[in-house]
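In the two complexes that follow, chain A is the common piece, with chain B as its partner first and chain C second.
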Partner chain A sequence: MNSFIIAGLLLVLLGVAYQIGWTKSRGPVTTNGVKVHSRPQYHGSLLAIWTLVPAVIVLGLWAYFGGDITRSFTVAQIPTDVVTSLDQMGLNGAIQRIQQIASGYGVTGELAPYEQAAGDSLRSFQLLTFLCVIAAAAAAGIGALLYARSRITPCLRARNMVEQVVTVLLLACSAIAILTTVGIVASLVTEAYRFFTFISPLDFFFGTVWNPKFSSTVAGDYGQYGLLPLLTGTLMISIIAMLVAVPVGLMAAIYLSQYAPRKVRAVVKPVIEIPAGIPTIVYGFFAPVTVGPFLRDVGGLVGLPISATSALTAGIVMGIMIIPFISSLSDDILNQVPLALRDGAFGPGATQSETIRNVLLPAALPGIVGAFLLAVSRAIGETMIVVLAAGNSPVLRGNPLEPVSTITVSIVNQLTGDTDFAGPQSLVGFALGLTLFVMTLCLNVFALYIVRRFREQYE
Partner chain B sequence: MDMLAGKVKMTHQTVNSTMNPTDALERPIRLHAKDVTVHYGAKQALHGISIDIPDRAVTSFIGPSGCGKSTFLRCINRMNDTIEGAKVGGLIELDGENIYDPSPDVVELRARIGMVFQKPNPFPKSIYENVAYGPKIHGLARSKTDLDEIVVSSLRKAGLFEEVKDRLNEPGTGLSGGQQQRLCIARAIAVSPEVILMDEPCSALDPIATAIIEELIDELRENYTIVIVTHSMQQAARVSQRTAFFHLGNLIEEGVTEDIFTNPINKQTRDYIMGRIG
Partner chain C sequence: MTDIIPTGHRATLERAKLIRAGLGRRHLQERLFKGFGMAAIALALGFVALLFADVLTKGLPAFTQSNLRLSVTYDPEVIGVDPAPVRAAGQSDADFRAANLKWQRDVALLNWNKVVEASLRAAAPADYEIDSRQILTIAETNARHQIRDLFVADPSLLGKTVTVDVLASANADNWIKGNIDRELGDAQQQLSPAARGLIDQFKANGTISSGFSRSIFTNVDSRAAPAAAGLAGAFMGSFYMMLVVIILAVPIGVASAIYLEEFAPKSRLTDLIEVNINNLAAVPSIVFGLLGAAVFINYLHLPLSAPLVGGLVLTLMTLPTIIIATRGALQGVSPALRQAALGMGASRTQMVFHHVLPVTFPSILTATIIGVAQALGETAPLLLIGMNAFVASVPATPLDQATALPVQIYLWQANENRNFFEARTSAAILVLLGFMILLNAIAIFLRTRLEKRIREGPRNGHARRQG
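On to the complex of A and B.
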């Protein structure tokens, strides 16, 4: 309810300010004939910005400090002897009870005599402060509106000022994206650091046994956290996935970009891209239900012991998932190769496939490699398919026909269920996440570097 | 444009000194086109072009943008086959053989009729590989020495060898625009074609590079039948013995270059040459 009132207030301020700016800036041009620098829309927008910013600042200050102020008020309502008798947790509980009474939800258990009174006064306090804040915001907005309105003259460069505001706004939006990333990385790094205070990085990065213990009779025995079994599992599955996806995806891209008649292409290209929208968990179903048993039966026919859940199953299903990704990207890249180059190959009498092999693919190769690397980083980070299909067996093995586990699966295992972030059992998730992040980051940077080099070749 | 027309008149008398323009008429016919039409989808780009192109002479196609001159040029070695929705009708004969018959192989045809494009389009490979490309795919060289010989002689014929002989292994894309275009000419020559088609070969080049290419065309005429599409009337006057004027998908007038420029029969040709259309 309160949020609606605030949003409504801001919208009304915005509309009124825009209208005032628009109307006022139309005045001067008719009265004294001076050429107005900016069109009325810009004056309106500038006035709206002037009005909104102070109002939003007031609301923001309240959002930031309001919680603390309310809390101190609540504490002041509790009798001193009660406050002194409570520890921190008890105090928090008491405050929560009072807030629940104030909000009208009610509480369980016996009401202490002071609680009802405190709740009532908190309710009136909250109403009062809310009205004050609304009034303050409106006053700040209207004050700024009046000031800005007085500045409207024909030569006010409202258009340029709005432009500057837009620039700041765009900068702020990109800053949000960057700061979020920075925050995530910082949190990963600090938590991973805490993990490494329990387990030495050497044991983590070069350990060959993955055996975390959740509860142990021996204090300080956390189990073993060797990364290598997970890393080999991840790499094995990614390699199998790429072996499936690259040939199929690339051939599909070549067919689409070079051979398909326009009508076929118009249908086939979107259809090939549809599987990219299938949630990976759905691919995951097929791994243990269809693909795994099929592989096991085929293996049985030729005398190979293939587990239903294995690196092979997960890799094949993941490869199928990646096909549309690779074919779509490669198709775009092949289409970017200048037509002139294709003509140059056909000119001296090359056949279609010679042209593709000798000219198009070499020219598009860096871009295609970039697409592959992006696909690999997707494969490495993929979770749902491997959770269902890889068999969750974190043992160091070189055989793709047996169950494996991956980094992502282990993160899921370590962070689901009851977790407390004091021991290495959960903190290892951050160390694994950091490893994964660094791996995919390196691949992406490498891919971008290659793609950029490819671009320079034709400009 | 009037100034330009004046220049054309001035220059045409100084060129064609190596060959009497009427010689071109007496040469045997190499290419014969009859009622050639081209449709791009529903749009008709060419309305029945009939022309004879003589052996070992330069024939130029002129006309305003979109007049169909490049389209017709691309019919001659079936490059329009690579454009989707393009449909070619009529008859084009090379030495009396219909090139649109099912029997002659497109790939072989393009080895006999080479093409140089508007924008220099060397492959992003070494200079050597660029020239060796055609001979390799057609299996023209029996040994590495053979191939070396073909590459060197093609670069020589294209007048590029002296400039690049020390860097044959460097990428062809690193050359200047004019050098790249001569590299493309060398690439076309390397498969020993009989006819070379040039689609505005100098439109992306500066005047000095243009002059070099024009000289080269004049030399190549000794051994090859050349058809050149050009936007520049001076260029047509300078390099060609016969000129054909295209307008709106029709062949308006065709004849000895000097006649076309000094004494055009058709009013549209006269208007174009005087700079009134196009």
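On to the complex of A and C.
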């Protein structure tokens, strides 16, 4: 309620400031014919900015310190002997009761003699401070407004000033993207460092057993945190996914870009790209419910023991998810190969498939490899499909028909719902995250570099 | 001389023969290659079709649900409770609330199962033998709360008989829909033989009827009463998060794209920023979850499970998408427009904001909607900031505990009552996919509409704008 009043008053103040600047800047033109540098809108905006900044600073100060001031005022209303008799929780309770009396809501039970008076004085104190803060903010705003107004002359470069403010705001916005990266790196590195104070990096990166113990077990025995079982699981699933996605995606891209009639392409291309927009949790549901049992039955027919949640299930479903990614990137890249190369092969009588295999693909290879690397980095970082379909069995083994676990699955398992980052049990999530981040970062940088080189080659 | 021509001729003929001999093989290869291409397309399309067919066949049945129509008698013998408190003059809000709460507690302590049981027995054939524990398994456990809430809202119902629609239990629903094999032995069935028989009789005499399942849309998640579990809470959670994403990601994303594309001096630093943003777009989503857990939860002490925090994490995730798309759109604006504006004496800022930006509006809008759709389906980062908690209420503000639609799917697919929740999870997936399709359709619609308007030339609005 109060914030609505404040926002409303602020808006009114801004409107008034804009209007004053607008009107004032129009004055000089009519009186002595001097050309005004900036249009009235800019004078108005400049005045609005001048008004807004001090008012917001005052409000911000109150928002930061106001709570403490009100609290100490409330404590001062409680008789000292009562205060000394209460512990921290009792004091908080007493303050809350007084606040409830002040808000008019009332409290249950007997009123202590001082409470009603304290509630009443708190009520008038709140009203008073609220009015004071509004008045101070308004005074600061109006003061700045008057000062800025007095500076309006025909040669005031109001437009340049407003544009400078706008540029600074734009710069601040683009700094957020940088800060995000800094935040990611800083939080991963600091928390991972804390993890490595518990577990040595050698045991983490080269350990072959993943067996974190709960924090409630014997103190000092944290369990084993070997990365290798998770890494092999991640790689196994990514390889299976690429084995599914690359042939299908690449052939689909070749057909669409080289063979398909324009009309077919216009319909088929968007339909093939639909899976890219489907949330991964949907694939994650689909994998163990439909694909897993199907694979198990097929395996049963040929005598292979395939478990319903396995590296194979997760890999195949992830491959399906990645197909549109590969096909649309490869399609783009094939279309960038100059037509002259293709025509040069058609001239001596090469068939279309010979042209594609011997001319187009070799020419497009770097770009396609870049696309594959981007797809691999996506597969490594994918979470929901593997959480639901990989079987969560962090054991070092090479059989893709059995359940495995991955880096992302372990992050989810170790960190879900746990925010007390005290022991290695939860901190390991950040070490795993750092590993994941570095892996995908290298793949991405390398892939983007290759793709960029490829584009420059044919420009 | 005479020798040479035949020799050359012969060589050509032989080459032609050789080529013709190889043609069959080469054409076969060509057909095979083309066939592989078509097979790949068919396979890719087949996967899409299979996925949708699977989710649809599993999910559509969950939109109908079995309802029980019961005549409930509020028997004074069972409901022995004081009349509801009336507000006395001069009573404070707090006192009245305390008295009211006490009354509601008394009401809640009554044995409402007896009322439910009596109404079920009234609907059953006169001498049907079934014990009270078994008969109660037919109605969902929230039936007693529903009947109690009717009484709390209107205490004058005491002694009257009203018709109430309650949900049949999840197990009863499975039995009716055939989700559980009817031939299985008693040991594997969830319901006793007497209860199953009674359900069939209820079905025959019309006490149980199947209707559209409103509970999916209007109820919150429930553990005790699976048949009453719904998406309302998750929907509001997702709604608040998308609100935060739209309010923060769009202005910040567009502003930084404008800065990088139009204002930033071309230098090492801007190159670095560009590489950084491209990489940020490819960082796995779970890493953003780690960032949220470490910075927002652990360092800034924002509340766990709050849509505000989820929205912030998703905002950081969506930013690169919007920045990259907006930059692409800005790059695509014809240089003629810029030069014309600058030539007329517009400053750089005026050129960007008055002339370039309005033209790119459709692309920015499309990118925004696609980014929001992406954020809507994201699950992994939300698990790390506690949004997978069980929340049985609709969040009133973005700071309350909540789940989100994709997280609700994650929670439901893990429910042990698989026969029932497989269908309900698929239904939740259909709702989520419905929202995604809706968002994308809006994007396409707006895009075509706005592009048409821009092609047709500026109307009143743009024409009057001046520096």
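Quick notes on this structure:
Following the convention adopted for this analysis, the second predicted complex is superposed on the first by the 313 of 459 C-alpha atoms of A that agree within 3 Å, B and C clash if a C-alpha of one lies under 4 Å from a C-alpha of the other, contacts with A are read in each partner's own complex, and residues count from 1 in each chain.
What we mean here is this: a residue touches a chain if its C-beta (ideal position, glycine included) is under 8 Å from a C-beta of that chain, and two chains touch if they have at least 3 such contacts.
Here the structure is a predicted model, which means the values were calculated and not measured.
Once the two complexes are overlaid on the shared chain, A:L341 sits against chain B while remaining clear of chain C. Contacts of A:T351 after superposition on the shared chain: both chain B and chain C are touched.
Comparing chain B with chain C, the partner in contact with more residues of chain A is C. When the two structures are aligned on the shared chain, A:I69 is found in touch with neither chain B nor chain C.
Overlap of the chain B and chain C interfaces on chain A: residues 351, 354. Only residues 261-262, 338, 340-351, 354, 358-359, 362-363, 457 of chain A touch chain B when the two sit together in their complex. Interface of chain A with chain C (complex): residues 39, 100, 104-108, 159-160, 163, 166-167, 169-171, 173-178, 180-181, 183-184, 187-188, 190-191, 247-252, 254-256, 258-260, 268, 271-272, 274-275, 277-286, 289-290, 320, 323-324, 327, 351-354, 356-357, 374, 377-378, 380-384, 387-388, 408, 411-412, 415-417, 419, 421, 429-430, 433, 436-437, 440-441, 444-445, 448. Residues 77, 79, 82, 84-85, 106-111, 114-119, 121-125, 133-134, 137-138, 173, 184, 187-188, 190-191 of chain B touch chain A in their complex. Across the complex, chain C meets chain A through its residues 26-27, 29-30, 32-34, 36-41, 43-45, 47-48, 51, 54-55, 58, 92-95, 98, 251-253, 255-260, 263-264, 273, 275-280, 282-291, 293-295, 297-299, 304, 316, 319-320, 323, 347-349, 370, 373-374, 376-380, 383-384, 386, 388-389, 406, 409-410, 413, 422, 425-426, 429, 432-433, 436, 440, 466-467.
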